Structure formats: structure tokens, C-alpha cells
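Let me begin by handing over the structure; questions about it come next.
Letters A, B, C, D and E mark the chains as written, and numbering starts fresh at 1 in each.
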Amino acid sequence: MNLLLLILLPLTFSLALLLVTKLHLIRAIALTGAVVQWSLTIALLFFYWQQKSTGVDSIMYFEAVYRWYDALGINFHIGVDGISIAMILLTSTVVLAGVLVSWKEERMTKEFFFLLSFLSLGAYGFFISLDLFSMFFFLEVAVIPKFLLIGIWGSGKKEYSAMKLALMLMAGSALVFVGLAGLYYNTSVNGVHSFDMMEISKASIPAATQNLFFPFAFIGFGIFTALFPFHTWVPDGHSSAPTAASMFLAGISMKLGGYGCLRVATWLMPDAAQHYSTIIIILACIAILYGAFATMMQTDLKYINAYSSVSHCGFVLLGIGMLTKTAINGAVLQMVSHGLMTALFFAVIGMVYERTHTRKVAELGGLLKVMPFISSVFVIAGLCSLGLPGLSGFVAEMTVFMGGWQKAESFYRIATIIACASIVVTAVYILRVTGSSIMGPLKNEQHLQLTDAKWNERTAAFVLLIGIIAMGVAPFWLVDLINPGTEIIIQKISSN
Amino acid sequence: MTASQIIFYILSAFILGTGILSVTSRKIFRSAIWLLFSLIGIAGLYFWMEVQFIAAAQIIVYVGGIVVLIIFSIFLTQQSGKQMEKAPLLRTVASAAAVLLGFALTFVLIFKHGFVGYNGTFLSNVDRIGSAMLGTDENGFALPFELVSMLLLAAMIGCIVIALKTKPTEE
Amino acid sequence: MDTEFFFLMKHELMITLIIFILLFIKLSTTEWKNEKLLSVINILLAINFVVGFFLNKEGTLFGDMFRNNELLVLEKNILNLGTLLISLQSYEWLKKHEHAPEFYMLLLSSLLGMHFMISSNNLLLFYLSLELSTIPLAALANFDLDKKRSSEAAMKMIFSSAFASCLLLLGISFLYGTTGSLHFSEMIVQLSGSPLQIFAFVLVMAGFAFKISAVPFHLWTADVYEGSPVAVTAFLSVLSKGSLLFVLAPLLYKTFAPLQTSVYQLLLVLSVATMLIGNLFALRQQNLKRFLAFSSIAQVGFILIGLMGESATGTTSVVYFVVVYLFSNLAAFGVVSIISSATGKETVNDLKGFYKTNPLLSWILAIALFSLAGIPPTAGFFGKFFLLLAGAAKGNYVFITFAALNMVVSLYYYLRIIKTMFMDTSNGPIQKIEMNSYSKIAAIICVAGIVLAGLLSGAYNFINDLILLN
Amino acid sequence: MTEIHVHHILFVSTALFFIGMYGLFTRRNLISMLMAIELMLNSVNINFVVFNKYIHAGKLDGLFFTIFIITIAAAEAAVALAIIINLYRSHKSIDVEDAAELKY
Amino acid sequence: MNDSSYILLIPLLPLAAFLLLGLFGKKHFSKSAGIIATLMLFAATVLSFYTAYQYFFITGKVNDIYQPITAIKYTWLSFSDALQIDMGILLDPISVMMLVVICFVSLMVHIFSLGYMKGEERFATYYSFLGLFTFSMLGLVVASNIFQMYIFWELVGVSSFLLIGYYFQKPSAVAASKKAFIVTRFADLGFLIGILIIGFQTGSLDFTTIIQRLTDTQSSQFIIITSASFLGISFLTWALTLIFIGGAGKSAMFPLHIWLPDAMEGPTPVSALIHAATMVVAGVFLVARMFPVFSMDPTSLEIVTWVGASSAIIAAIIACTQTDIKRVLAYSTMSQIGFMMFSLGVSNYGGESGLGYSASMFHLFTHAFFKSLLFLGAGAIIHMVHSNELKDMGGLRKQMPITHLTFLIGCLAISGIPFFAGFFSKEEILLAAYNANKIVFVVALLTSGLTAFYMFRLYFSIFWNKESSKQTDAHHGEGSFSMKLPLVILAMCSIAAGYISFGQFVTSDGKLLESHFHLLFSIAPVLTALAGIGVATYLFLRENECPEKYSKQLGGFYKSALHKFYIDELYLFITKKIIFNFIAKPAAWVDKNIVDGFMNGIATSTAQISASIKNLQSGKVQNYTLYFFGGLVTITILLIYLWK
């Protein structure tokens, strides 16, 4: 299977969107595009399994190299392993749900879906890139659509949030750039420097050099994934964004950072990863607990979910910082899980907001009575967030804990315990918000007239729920999928 | 001290003195005249250095051309007797400081560099200059010459368009 | 002297020819209508651009004073293209202008100066062509003859540039005094890095820095850009800078090679100051042209990073970036020009709600700004990436981090414009503006350039090959 | 040359250059500023001639540079004056401080 | 698939009910949901009885010892080669017993709810939640892997949350559900960390393997886990204590019991099922499941003992003062579970000294019946009176004869009156305590007296005391057949269950344990119980002034018991005041003002710098040239002199 399809399809559909003007055509194209992408990614999974079953055993699958900037040793090198496939599946699922949720978007519909499609292109490109340059390219491709989506279709202090998000993410990529440049100049293939990850992973970069550049790459990507104290774009950005964009931001965009931390920082600079693991873990623990406590004080549904994202993404960083195979598995699982869960959460919040025109917990109440479907989904998303077994969050968090505990030193264990403690705090804030907005007496009589979810919203919720449950009830397939990928990263770490 | 030396120092003093007067005089017309003297002094310096062609060009172009142009412009724009306003004190001080610092720096650097005089012959007769001016070989300056002509053309066009204006100015 | 002469100086001769054609048109008794005249000129410029690609030769003329090679041809073609684009964009403005032929004569004289400058192998020729490219521009800055601001801009330009060229000349005189030659290739032997030479080098560089508006030699830029007609501003910001950079790159990398340390130090200081000041000032600008002036100052800070690379990669990235910058900046100026000539409005606030009324123009401006900000998939991203990458070769990562973070600041003010256009609402937005076909062509070329120059690696690889050859 | 060291002549030219610069910085009249610039250019001219005559006498590079500078100075002065006159028309003044509308 | 795969159906049937009713119940089964769920559960119950028969009488016994049998096992999630979560079914005496108890009680509750919940708007949802709970509880008890247990442990918690919050529009119900979930979750944190320690120290998450490795004093795992210590306490003690905290949370042991009384906000049948018979004994079950390991560590057993004993007495005291009948029952549940706990605590592994273990399980078994009976009875009463408060009741024996009778049987059973089920199990517990620890024995004795007192206080207050109560809903009658049937069945069980010779089946080591029935020993407990009943009769049979008088005399003690010893207030203080005000609020504040403020500060200071340097661009060309030259000189000096 040619991975270029993953880029070309969204591109084609987004260009097709530009050509039509009728609203129903726009919607049809957007939905078709999302469905086709989704099917394609599912197909990718099957092709991968097929390759695996026929005994093909390589680091990356479906690799292809296209010459690009020869003079600088830059190629467009693409390929996937299990981790990328997991991420790609996540992306297509969230995008599909996002398109469905925004079905009713009336304002500048064409532009909206165009930008959404462009975003997904960026994400796919990022996950399939094996060349740091193209990876960086796709990382930044996504910045502007996010800015526009938030700024144009958002709510609240949208301009401020959009700007903050764009600037902080840009600062992240600026730091990433320095890290990449360092890697580039310290790798040499036949006398030419290289951005190719496969080459860099083979090169032996001195530990001192790694220690110099690792912070750049890690913090840079870390900003994307809400690394404390660079997480402040998350609450504002997520809460101002329109539903689909929030879903994308929290569901996918933050995962770009996690993936980058893992794939670029940790894999390519393993010595430095070990050197800095203490700091990473401390920051991750702070993010986990502090994010959770900060969530308790929030009064806006989206802020609650955004802060909880900070907390949850802390698990990703914690998993990466622990540097054991199980923990890294957990980090990847958490990325997928959080992606699905938070997208679902945002989708539901969007549905609630669309109907009640408020996101203030204090103004909501007893929604279960008027919109049972939406409320149920809300509760399920909340339960997933607090790590209920049978849903995806549990699997991911437990794997991180297990991986963290694997390290015998007290420091790691205490860090793990701190992380574990967050599940209690999570329960507190999730239940608080569920208790007062979904349950309890109906606070606003006008809400009695509200209707439950429409077909598109139901479908969107189901798409995400299927993902969450598929992961929560049967995690083994996902673990098997990502295992070879983490194995390689671990080998690289332990070989040094 | 030889006569040549005396002449040099007198010339130098003249050039610098008139130069200073030119940039400090409060009356613009006088200032222009001091400039004229200074330029003539420089022409004298060229004569002293035995580069007669340059000296001639200096007198023709500067004295005969530019200063005249300047004086015309003064007539066009100003009453001759009017005193110019002084620059703000802060800027005057800052300028003086900057200029003195710059001068000190430059001259220290020149002095340190220690230029050593060259005692070979220096031929600057007009026919050598003339043939070089139109020469296209290694020591020829035909191309710059042509270039300058284009520049003059352009300057001319520019001047005409800008200065010869018919429409009244918007307020 | 044989026919080779014509091929070697073809670009310069073509332009001279056009100037004379215009002169004759102007002097002829028949009165030409502006529309017709402009069409003819645009066609001539197009021909000039196309012809530039053919029948080129490599070699030197006038005793090594003038040289030509494929790289220089490419650079001249780039300048020709820029001129053509500006010409297309300024159609609307010139249509009503009574001195259109003179405008072109001066513009082309300046272009001619640039061509000579690129080809010059000698400080004298370089200086003369520099003046040739500057003095007409000062006159051009005054071309909004009935506007006070225009003459103020012209005054600032001519005095600043005269001062700059005085310093440049002082520097050249010291270079001449210490090396005894005006030829680049001969000078290199004599450069020893003595303090006076470093001073001379700084003086010369100040002259360059003035033209490319690097801080602290940039102060004239914003005022002149704001006061001048849009076309002249575009010309100043793109071609004037571009041509100087074309000269500067090999000059630093080859001629001043003995002063390597000073070159690096100077570039570092200039670059840091330029990025910082350019960005800080751009943050608060309201006038679009003034805003673009400061943004282009900040861009220069980036270009200086590429120059620091002191390698073929660095030079390539600079030349490449100039191309990218040309497309991006001209696209932006094109839109500003359209707005300005249709409504006379030039401030950021006038753009409120612009997207509602003029989606196409908004997108063009947005793409241009993205490119200037270095956001993929526009070419600006590639340009900045390669500049930074070339700079990183020196290993000064503190500086590279600083530069990269500066991009964040610059993103802010570009996004501010985008925000104004797309998100803000206004009671009286600019009405729908019809583009004429000339500006449409220009816009298409610019946008195509912005999109394709990066994604297709051809341009960069081609430039790199040429630089490795020469 | 035996009598006068090069440095002395260079002292004069340098001094003249900075005198001119001082004038440029402080004169408020545009025409005076132009005059100051002429002084600076002249100082550079002296430099070139001195370097050519006393140090690098083999070729006439410096001399020619001087000639061209004189020419350019003329052209520059012409354009500058044209601009000044135009400015005078619009501003009714040739005080440089009056032409400071474009700022910040 | 082997021949025991039918066991899989036992948990899966309720799950199927949950999915079916949860997804489609509202639309398609809004009326028939109860019947469907009940039938499915009936099938599960039959299967569980069959399983019990199979295990106890056919397959379970090898060499006269009941062996744990891992019937089914699938790898669910593999962390590393050694550590993996398996989903499996482990059959041993206690899990099989629990299977039976859960299915049976659940079935009773299902049937009871047919009448009790009739006409509820979310009838189908109710049954689907019941299905979810039953599934989770069954999964918990058959877990073969400690992590599997944890998974179902959490699921049980969530079903409890959902069912307590069933009347979601009642703020008190919502608060109670939150409280229940959060408190147990806090305890689960201990369980989780305990799992992590145990798992990594033994290199396995499998119960059988863990027990095998940690009971062998020679095994390397055992040596490491006992020698390694943190804060001076060995890892084994840490792990077991933490696991016990998990159990204590679920089982509402002091001081984590605060959620249980509030949990009575749920529908009463739910209280009967979850908060009396099954879920709350999960903690006891957990300790029992890990008992071989606990028995290796006296320290943790000591903790279990004291926590159990103190819970028993504290709860009993509080129960005497409560006026809400369900709360009285809730505290009584807590007290009884305290019995089970300390019974485990005083036990040893194997043989005679393992009596406590066996007794605890026996009590768990009997308690399930009589306590669910009491709760369902209370449900019937509440159904009729529409109130939980004792003051609204009285003299109901006429209106509800069956309820009266069955409730009396329940009270007698719980008070430990001979010939009722509670007597037999409680006797064994007291015996075990007497053998091991005299202080505990005294506490237990006292508690059983109190138990008798408050149960009969309840009984008399409901059925005697004031004569007829006005608020009775006459046309309601005593409730439908579906409500009476479970009462009768359970009442019969409450008598009959005591006669099972439990020592034959459930013992700590699987070997037979002879019944130790000492008539002499029983005298003291029975007398205490009778004394309790006597006092209750004196005070509450007729309406009189005495209770008030005595309670006044007790003064502060009575008041603090009435207020549950202010433990709730203490918790509220810690959570609301300390955690909210001193952690969460500062965290949010820091985030908004310092972290974010710093980011915004960068932006604003940039803008300020930008504004403050605007005069650089003064518009005066002479200044420009001056700066130009100044910059030039600076750079020159820098390059030539300063920067070598």
C-alpha cells in the first residue's frame, strides 16, 4: 500500500471542497472524504497484519523514499510501524467523528471543512514521515488551520486563544527545529548530513551532543503535548475552539507532540533520554497532579476537559520518561486512549453547548432527563477519563503504572504512586461535573424543550465509543500492534 | 620646513577652517560661501599634490556646478539674511561626541596602520587619463564612464519630473 | 570586442534598450495614452524577462571589471521577474499617473544599476552601479508628486543614502589604501585583517546594511516605505534588497574570506539586532506598508543567518530565500497596492471584515503572510528552514534558538493581520474590489511561486548546482 | 612627499569628513545638510587621491574613483535639490524638523 | 472450550442483560425489562448452583482437599513476559460459595424489584444496571488474576455509583453516589499500589502463583519481599496493608465507612443487593482470597483484626442512635462486616487455628441472607410508608403480616439467637476471637449485645410502638406477590443456612474442619443478645419517654454517636477545606496567574518594550544618521577591541 495516499486523499478532498459551492455537496464531500480516509486507515491496519503474517519482519513497513532536497540530503521518506498505525487510526477516527459533529456548521462551511481536511493531512503526514524535515514540515502545516479554526469559528475569547495557541505551538516547533538541526549536523551518511531518522538511529551520536539537543526536541514536542509549564495554551485553545477543532486539537494535535517526544527525542537520543529521565518524570508528575487539581476548580466544561487533558497527557510523558518497554507501551496506549476519550468528551460538550448555549457547570443540571443519549455518552467519556476498566483509559494508565513500577529505585516508584494518586483526583472532578451537570435537578426550565442527539451526533459518538471500547475490552490487539515499535525504541535505549 | 610643507599646512588650515565655518555658520548663504572656499581649498590641495586634472574637475564641477546649484536653490527657497535655527542642544552634544569619537577612532586606526609612502613615479597626465577613461582593457574605465552617463540621464529625468511640477500641492 | 560582448551584457543592453525606447516615446510628438503605453511596457518587460533565459554566455569583459555567469544570469532573471511583477501590479496606479514613462525610465535605470552591480567585479563599478540603482529610486519615492509624505520619504531616502554612501566610500577608500586594488580578486590577496581593514570592512558593510536595511542602519526604511508609492516600496523592499544580497553573499564568502572572524561577528551582531528590532517594531504598526517595512527588516535578520553559513549551502539558501521572499512580499504588496489604488486605504484596521467582501484577495494576502512567517506548505517555510539550517552549521545554537524564537514573535504580527481580515468585523468594510487582468496575472504568478517554489525542490537544487559550479 | 607624511594629509581628509558629518547631524536646513555631505564626499576624494599618488601609484584607480565620485556627487546633489525644492513646495519649509511626519 | 465453559455463562448472562437493556431497553423493553433480566439471572443462578454442586461434590476435591481450579483463562493484556492480566475463572470453595450467594441474592432482588420498581421511568435502565453489577460482582469473585479482580472491583464500584445515583434528580442521591465512588476509589488506590508491589515482587499477577510463591518461605520472592523494606516496614506488610485498605474501602471499614450510610439513597433493593449482601463483602472476600499470604504476615493480620473490631463496635454504637431505618441497617452491615474482618484477622492458615477464616466465610454466607432479607423488608415498609424515618412508622404488624414475620426472623438471625442462621456463624466467630485475642472477644461480645439491642429497637419501632400510623398507603397493601416471595424465601434461608456444616466446604486450607459447637461457650453471647433484646423491649415496645430520657443522660456521647462521631465532618473538613482551599485552589490560581501569567507576561512585556523603543524611529532624518553612525562606531569598537 502506498502511504502517499494518506496525504493525497485529504488533499484531493480538500481541493475538491474548494470547487463546489452548494452546501449539501460540501457536506457530502467532507463526509465522503472522512469515510474514505477512515476506511483507508483500516485497510492499512489489515495490510500491515497481512505483511506481518507473511513473515515480513522489518522496522518500518510500506517504506518509500522520494528524493527531495538532494543538496541537503533531505528525502521524503515515509513508512509506518505499529505505533504510527495506531496514531493514524486514531487520527482518521477522530476526523470522521469531527466531520460528523460539525455537520451542521452553517458559517463558512466550505472553509471549515477545508481546514479540517488540511489538518488531517498534516497529522497523517507527520505520522508517516521518517524524515525529520518532512516531519517538521507536517508538524507546522497544522498550526495555521488550527489558528483559523479557533479564531473564526470559535467562541469566547477566541482570538486571544487562537493567537496563544499558534504562538506557543510555533515556539515549540522553533525549539524542535534546533534539536533537529543538532541531529542533522551530527549525523553523516557518506559525508552528507542527513535528516533521515533511520540513518540517524544508526549513527552513534556522542552523549554530550545528545544531552545538548535532547531538551530542545523534547521541550519543543512537549509543548504540543502540554508539558508543564508550557501547557497554558491547552485550556484556552481547547475551550475556545469549535467542537471539531477541539476534538482534533486534544485528540490528535497533542499526540503529535507525544509521538515526537517518543520517536524523535527518545529514539534518536537515547542516552540523553536516560540522562534527563528524572526531570521528565518530575515534570510529568507535576502535570498529572497539578493538572488534575487545577481541573477541580474549573467551572467551564471545556476548561475542565482541557485541564484534564493536561493531566492525562502527563501520563504520556511519564511513560516516555520511565523508559521501560511497558511504560512506553503505556504512553502510546495513553495517546490513543486520550485521543479517543477527549475527542468524545469534546464532542459531547459541543452537543450540550449547541443546545443549552452554556458550558458553565453551574448553569447546567439534570441533563440526563432531557437528553439521555448525550448524557450517557458524557458519563461514559467521564468514566473513561477516570480510568474505568473496560474503557480505554484504564488499559493505558495501568500499563504506564506497571511500566513505571518496573524501575526499582524509590524515585520511580514514588513517581508512579503520585501518578496513581491522580486517579482519585480525576474521579473527584469527573464526578463533580457529572453530578452537577448531568445528574441533579434540572436547573433551567427552558432546557426541557431541548432535543437529544441527531443521527450525525449519534454516529460520531458511536465511532469514538467503538474505538474506546475496542481498546478497553480487548487491548491485546493494540498492544500487539505497538509492541514491535516500542521494542525497537527500547533496544536502542538499552544498547547504549 | 620647506615651502611645500608650509603651503600644505596653510591649505589644510584653510580647508578645515572654512569647512568648520561652513557647517557652523547660522546664515545659509554665508555657509554656502564658506563651502565654496573650502572646495577651492581642496582644489588647491589637489594642485599641491600635482593632480591637476582632478583639481580642474573639482573647480569645474563643484565650484562651477554644485555650489551654483546650491546657491540657486537657496535663492529659491529662502531669504538670504534669515538665520537658521539651531539644532537641539542634546543632538548637538551627541553629534559632537559622536563625531569626535569617530574621528579619534578613524585616525587612530589610520595611524596605527602606518601607511608607508611610495616613492615611485606617479603619472597623471591628461592623455593617460583620457586613454584610460575610454579604455576597455584591464586599466580602462569605459564601462564606468558609460554607467555614469546612464546615471546622469536618470538623475536628469528624475530632477525634471520632480522639480518641474505643474499641479498645486494638496494641503 | 566581438559578438560575445552582446551576449555577455545582454541583460543590461536589453534594459538600456527599453529605457531608450521609452525615451523616444516620451520625446515623440504623438501623445500616447497611458493604458496603451503601459501595455506596451509590460509586454516589453515580459519579453525582457523571457529573453533573459536564452543565449547566455559566461565570461568577463572590460578587463575583468564585468563578469557574467549562469548564476548571475539567474539572479538577473529573478530581478527582471520582480520588476515585471511590480509593473503588472502598478498598472492601476500608473494608469492615472501623468509621468508613467518617466517612472519606468527611472525604475529601469535602477534595475540596470542592479544588474551591473551583480556583475561587477570591481569596487568602482560596484559603487557606481549602486548609486545608479539608488538615486533614481530616491526620485521615484517622490512620485506621488502631490503627496507631502512622498516628498518627505524621498528626502529621507536621498539623505540617508548619501550619508551611507559617504561611509561606504570612506570604507572603500581605506580598502583601496590598504590593498591597493579595487578588484575583488586582487583585494583578497592583500587583506590581512588589520584593524583599519576591519574598520573599512565595517564601513563597507554599513553601506550594504543600509541598503538591505539591517539594524542599526535601517531607520530610513519604514518612513520611506510608508511615504513612497506602493510600487516603489515593493521595488525597494524586494529588488533593492535582493540585488544587494546577491552581491553580498559571494563577497563575504569569497572576497572577505580573510576577515572570516569579523565577518561572522558582524553578521551575528547585525542579525540579532535586526531580528529583534524589526520584530519589536513590526508588532505595533498600523500602516500596512510600514508594517511590511518592519517585517522585511526582520526578514533580513534571517537572511543574515544564512550568510553566516559562509558555505555554498548558506549562499544557496540566501539566493533561494530571496526568490521566495520576492514572491511572498510581492504578493503582499500586490494586494496592498490593489487596496490602496482602489480605496486609498492602507492601514491594518481598514482590513477588518475584508474576508467577507474579498475572499480571494484575503487568501492571497494570507498566503503571502504565511510565507513570510515561514509556515508550511508555503515556500517561506522552506526558505527560513534552510537559512536557519545553514546558520546552524556554525554551531552557535544559542543564536539559532534565539532566531527560531524570533519567528514566533514574527508569527504574532502576521497572524494579527490574518485575524483582522478573517475574524474581525467592521461596519464599513472595504467593498468588493475588481482586479484587473494585470494584477491577476501577477497574483497568480506570485501565489504559484509561493506554493511551488518550496514543495518542488527544483529551484533550490538548481541554485545549489549553480553555486557549486561558480 | 618627502616633506609631508601621508598621515598628515589623511588627517586633513579625516577631519574634513567628520566636520561634514557634524554638519549633517546638526544643520536643520536641508540645503546645509546637502552641503555637509559634499564636504564628506570631498574628504573621501582626498583619500583616494592620496592613496593613489603616495601609496599605490602604479595604476590610476584612485584617481578615477575620485572623478566618478565628483560626477556622482553632482548627480546626487541635483536629485537632492530637486527633492528639496519639491519638499519646499509642499511643506513651505526646508527645515528638516518640519519633515518628520512619518515616524514610529 | 472445555466442559467447564458453561461457567462462563454465569457472568455473561447478566452482562448480556446489561447490554440488551442498556442499548435497547428504553425503546423496546420498557415494560418487559424486569422479566427478561430476571429470567436471565434465573438461568445464571441455576448454573451457579450446578457449578457449586459440580465443584463441591464432584470435581473440587482431590485427596480430600478442595483444590483451586482455574477453569478458564485468557491473556487479556500483557505488560511484560511475566506480568499479564488474564481473564479467567478460578474456582475454589470461597469463589463458588460467592457465586451462589451473589446469583441467589441478586435473583431475589430482581424478583423483588419487579414489584418495587414497577412504573419507574427508567425501569429498563435499572435492570440493566443490576445486570452490570451482577456481572461485575461475579467477575470479581471468580477472578484468577489479582488485576482481573481489580478490574471488576472498579466495575463493581461504578455499578454501585450508577445505582446509588439512580434517582439522579435527587441532590442527596447524587452526592451519595459521588461520595461512595470517591471514597472507594481512594481506597482502591491502596489496592492498586498493593498490586504493583505484589506483582513486581512475585513476578506474577496470578493468584495461584502469588500465593504459591509467597507462602513458600524458601522462595526467592518471599525472601526479597520480606527483607526489602520501605520506611522500616517490609514490602510484604506494605503490600498487604495497602491491599487491605482497598478491601476496607469497599467493605466500609472504619475509617473508610462514611460512604455506606449515604449509599442508602439508592433504591432499597439495590441496598439489599449491593450494600448488604454482596459488594460490601468484597473486601472480606479479598482478604480471604489472599489469606494464605496474609497469614504469612502477622502485622497486617493485626491491622485487619483491629480495623474489623473497631468498625464493628463503632458501627454498632452509631446504629443505636440512627432514626433512618436504612441507615440503621447500613451501620449494622458495617458492624457485621467488622465481625467478618476481625474473624479473618484472628485466624491462622490451616487446621484448627483456621477456624476464624471458616467462621468469617460462614458469617458472610448467612449474613447475605438475613441482611438482604432485612433490607428487602425495609424496602417493603418504605414502599408502603413512603418514608425512611422511624417516627413515621409504628404498629405496622397488622398491615404487613408477612413482612413483620420475615423481618422478625431477620432480626433474630442477626442478633444471634439460637436456631437462626446468624447464631451459628457468629458463635464460631466469637470462638475464634476468644481463642486468639481476649480483648477482641470482649469487643465482639459487646457488639453482639448492641446488635441485638438496635435491631430490636428497629423492630419494635416499626411494628409496635405507636399504634397505627396514619401515613400508610392502604390500597398499596403489603405489596405484590413478587415482593413477598423473596421475603419468604430469604426468611427460610435465614433459618436454614445455619445448619449447613460449613467447615466441610469452606476452610482456609481446603481440608475438612470439624464443627466446634460448645454449648457452654454459647451461654455468654446468647445472654448478651437476650439482654440487648430485653432492653430494646423495655424501651421501645410501647411509646414512652424512656428513650429520650436515657439519651439525654448519655449526653455528649449520645450526641456524637448520633452525628456518627463527626467523622463525616472531619472528612468534609479535609476535602473541602484543606484539599480544595489549600491544594486545588492554589493550583488553579498558580496556573492562571503564574504559569499562564508568565506566558502572557512575555507577550505584554514584549509589547511594552516595543512601545518604549518607538522613539528610536523619531521621524527625524538627522537622528537616523546619528544612530546610524553611532551603531557603526559601536560595532567597530566591538569588533576591533572587544571581541577577539
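Throughout what follows, contacts are C-beta pairs under 8 Å (C-beta built on N, C-alpha and C of every residue); 3 or more make two chains touch, one makes a residue touch a chain.
Model, not experiment: these values are computed from the prediction.
Shared contact partners of chain B and chain E, listed by label: C, D.
Relative to the C-alpha centre of chain C, the farthest chain centre belongs to E.
Here the chain at the heart of the structure, going by C-alpha means, is A. Chain pair with the highest count of contacting C-beta pairs: B-D. In this assembly, B is the chain whose CA centroid lies farthest from the centroid of chain A. Measuring from the averaged C-alpha position of chain B to that of chain C gives a distance of 31 Å. Centre-to-centre separation of chain B and chain D, using mean CA positions: 5 Å.
Remark: chain C and chain D have CA centroids separated by 27 Å (rounded to whole angstrom). Chain A and chain D, compared by their mean Cα positions, are separated by 64 Å.
The set of chain A residues that touch two or more partner chains comprises 167.
Chain contacts: chain E has residues 603, 614, 617, 619, 621-623, 625-626, 629-630, 636, 640 touching two or more partner chains. Across the assembly, chain C contributes residues 124, 128, 131, 135, 138-139, 142, 145, 147-148, 154-156, 159, 163, 170, 174, 177, 195, 199, 222-223, 284, 412 that each touch 2 or more other chains.
Chain pairs recorded as touching, per the definition above, are A-C, A-E, B-C, B-D, B-E, C-D, C-E, D-E.
Chain C meets chain A in the complex at residues 313, 316, 370, 375-377, 381, 385-386, 388-389, 392-393, 395, 397, 400-401, 404-405, 407-408, 411-412, 415-416, 418-419, 422-423, 457, 460-461, 464-465. Of all residues in chain B, those touching chain C in their complex are 105-106, 109-110, 112-113, 115, 135-144, 147-148, 150-151, 153-155, 157-162, 165, 167, 169-170. Considering their complex, residues 87, 91, 94-95, 98, 101-102, 105, 109 of chain B touch chain E. Taken together, the chain E residues at the contact with chain A in this complex read 26, 75-80, 83, 85, 147, 150-152, 154-155, 158, 161, 165, 168-171, 173-175, 177-178, 181-182, 185-186, 189, 192-193, 196-197, 199-200, 230, 580, 583-585, 587-588, 590-591, 595-596, 598-599, 603.
In the complex of the two chains, the chain E residues touching chain B come out as 622-623, 626, 629-630, 633, 636-637, 640.
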